[in-house]
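Chain lettering (A, B and C) follows the sequence in which the chains are written, and residue indices restart at 1 in each chain.
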Amino acid sequence: MSEESPNTRISPQTQPSLREQIADAVRTVRETTPLAQSFTNFVTINLVANAQLAAGGAAAMSFLPDDIIDTATISGADYINVGTLLPFYKDALPQVARAFHNTGHPWVLDPVAAGIGETRTAILQSFKRYPPTVIRGNASEIIALDAMWGLNEESATATASKPAGVESVDDVESAIAPAQRLAWFMARHGANGTAAVAVSGATDMVTDGEHVYRLAGGSAMMTKITGAGCSLGGVTAVYLAVAQPLIAAIAATSLYNTAGEIAEKRSNGPGSFQVALLDALWNVTAEEVADRAIDMR
Amino acid sequence: MSEESPNTRISPQTQPSLREQIADAVRTVRETTPLAQSFTNFVTINLVANAQLAAGGAAAMSFLPDDIIDTATISGADYINVGTLLPFYKDALPQVARAFHNTGHPWVLDPVAAGIGETRTAILQSFKRYPPTVIRGNASEIIALDAMWGLNEESATATASKPAGVESVDDVESAIAPAQRLAWFMARHGANGTAAVAVSGATDMVTDGEHVYRLAGGSAMMTKITGAGCSLGGVTAVYLAVAQPLIAAIAATSLYNTAGEIAEKRSNGPGSFQVALLDALWNVTAEEVADRAIDMR
Amino acid sequence: MSEESPNTRISPQTQPSLREQIADAVRTVRETTPLAQSFTNFVTINLVANAQLAAGGAAAMSFLPDDIIDTATISGADYINVGTLLPFYKDALPQVARAFHNTGHPWVLDPVAAGIGETRTAILQSFKRYPPTVIRGNASEIIALDAMWGLNEESATATASKPAGVESVDDVESAIAPAQRLAWFMARHGANGTAAVAVSGATDMVTDGEHVYRLAGGSAMMTKITGAGCSLGGVTAVYLAVAQPLIAAIAATSLYNTAGEIAEKRSNGPGSFQVALLDALWNVTAEEVADRAIDMR
């Protein structure tokens, strides 16, 4: 929370529409069970699907372009995560992104381990031409993707910090400018005219390219299970099926922060934390999610 | 449960042999730890293996034809699930089905998302020549497969309802005739001379092509975790290693309905439900599984 | 425990340095969060990652050689598990092993289902030229690998017992000589000059080729969840990032035996056992791990 600018802090009084939209997204998902399809890594694919179901959506996971393009006709949004690449992804993922672009199908990109491996770099660079609607990643990934897309002359020539595998070595604040550039670029060049970037960290950040929203809370235990970030990305796609990019990103992040706090209290280690997290995603109310503190600038 | 035909309801008095065979299957699995091999999707592969172990069997998962054909010499039955297809499956899966057919190796097919994607359709169509011993799916998948195999002139020309990804949009009753046609075809053209089809839904249905068995119970929470159906298919293969197709399908479905009811009572959301489901698969008695109501016509 | 040779039993008094090194490894992992990368099977990949995190390390899973070789520059050790092979592994895995060998990068091999499938055999045979630093497997796998590498004239001509899929059909004692031969060979021909082999079973065994250490305890429930062995292999790689091969193998095995005993007491079946196992991996102290009985000869 910012102490310098208390007047920009969003409260139910000052900007009720944002909170109403968040609560609406949470409720609409539970009432309509929207399908979000995922092309995601093998480590956390089960948790992504279970989190999407626990949030109230439906899940389908696919890897073949013909499967994905066919399923996309019945899914509200898609989620693409570039972890655990296989050889055929190099052609399949750009093909899928192009198909989404051509039909205006909204999708969430999770640029896992951006900066590692030439195949991953080639895939992520190809997405510049067919940009996603939402990006969710950690600070290092967002900084690396901004550099790959060459959105800033400084960043294009800067020596990006080497990511520590799938862990971030940068803090969220250092990713704000890259995130804003990415969101601005996606809104301008994407198929939907609007976009958002969410950066996960101790305090999460979401931006539509203009405003920056900081969302505190959650649990440090989220870094002690695999897939908290991936499953948040998958749930963001579920919300994106019923809401605008900015609202989807904020609602999913707030849901996770709320559920993470509850799960931490009800668990005794990472095994029981993951179980309690899924239970909490299922049980928290739309009001609990919408009424959290949001610092907007 | 049918109110019209209470006299066809199976009770321990009217048809003890069916119940005895169910109880025998549950006990024999626990006493002999039969191996069932799986070629299954990446979303729920862990739950399939854990459910097979919790039911008392052993699990091995393979994707390369040389692995599968080699392991099949020591497995009692196999499980094939066509979710999350990769490019090489298009050749590998028909090759595996042919090998099973030539050796008379029993196997369970889970036609996940039947009707979506031309690769999946090509694979599922190829299985008509080398049919499985048991099929387990939801109503939409069973209807789609029956249409693909052209088992009914009406169904071959009918416009099948588009499946909602991996979720069924049809009810179990509408899948009865397709399920009977599939079971009849498999019994006639399969390697074993006998077959069964199980349709999962609010009330499950199992048929050998002649009789139709309805099995009520279970838990709506099974649709709120990913893999309840897949793991039921995997457990069906474990039972198929020690029992006839009809008994294997009924026993596995009854085990799941029993365990699902127990798990629902002991859980507080989908995370704890899955944990409790595995515990219940392990702890329920053969009598609890065999003594459930079965509506046979 | 051996009754014949109580004088060789290691106690804190007779060989404190071994126990100190075990406790140091457990503590150092928790303090430094070393990254261990895995190329592992799809069944248990999630549990491997979660166990590595629960033990205090960091996890990254990769399959493309360019990803793996790039990530290996920031990982302390790697874990390779040959379950669920895909076609491209036949070239990728030998390429990765060669790269590790050339840079002296330490790695743990889990020869899952050694002896099944010609592709797996070709891959495992290729590793003789670029040997791992630690091998962890069940008795049948260790015996099969020793035979494949032709380390003993008798074993090269003996008819190895057919493995029962991923389950061992041999007992740990019968794998001692093969394990010693493998460890001796790896120490001599590997990149690090030192090596260890761990054999999992009712009583586990670890050897550096010279001494044999027997570690009792754990829980029979570990055989009723999938991935206890795989995740132990992954955690061994985490310890290998901060300790010598012998210490890494003993520390990881002791951690698992300690955590397994705790988990068994706090669970009611395989579902809750896995949850409790992850919690226990997180909560046990370095002293609890280091103070267990070790029978050394």
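Here, a contact is a pair of C-beta atoms (placed from the backbone, for glycine too) under 8 Å apart; a residue touches a chain by one contact, two chains touch by 3 or more.
If you're wondering where the values come from, they're calculated on a predicted model, not measured in any experiment.
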Magnitude of the superposing rotation for chain A and chain B (Cα, nearest 5°): 120
Interface residue overlap between copies chain A and chain C, same or different (over half shared): different
Chain A and chain C, separation of their C-alpha mean positions in angstrom: 35
Multi-partner residues of chain C (each touching 2 or more other chains): 42, 46, 86, 274-275
Sites on chain B touched by chain A in the complex: 41-44, 46-47, 83-87, 113, 116-120, 162, 164-167, 223-227, 267-272, 274-275
Complex contacts: residues of chain C adjacent to chain A: 35, 37, 42, 45-46, 49-50, 53-54, 58-64, 66-67, 70-71, 74-75, 86, 88, 274-283
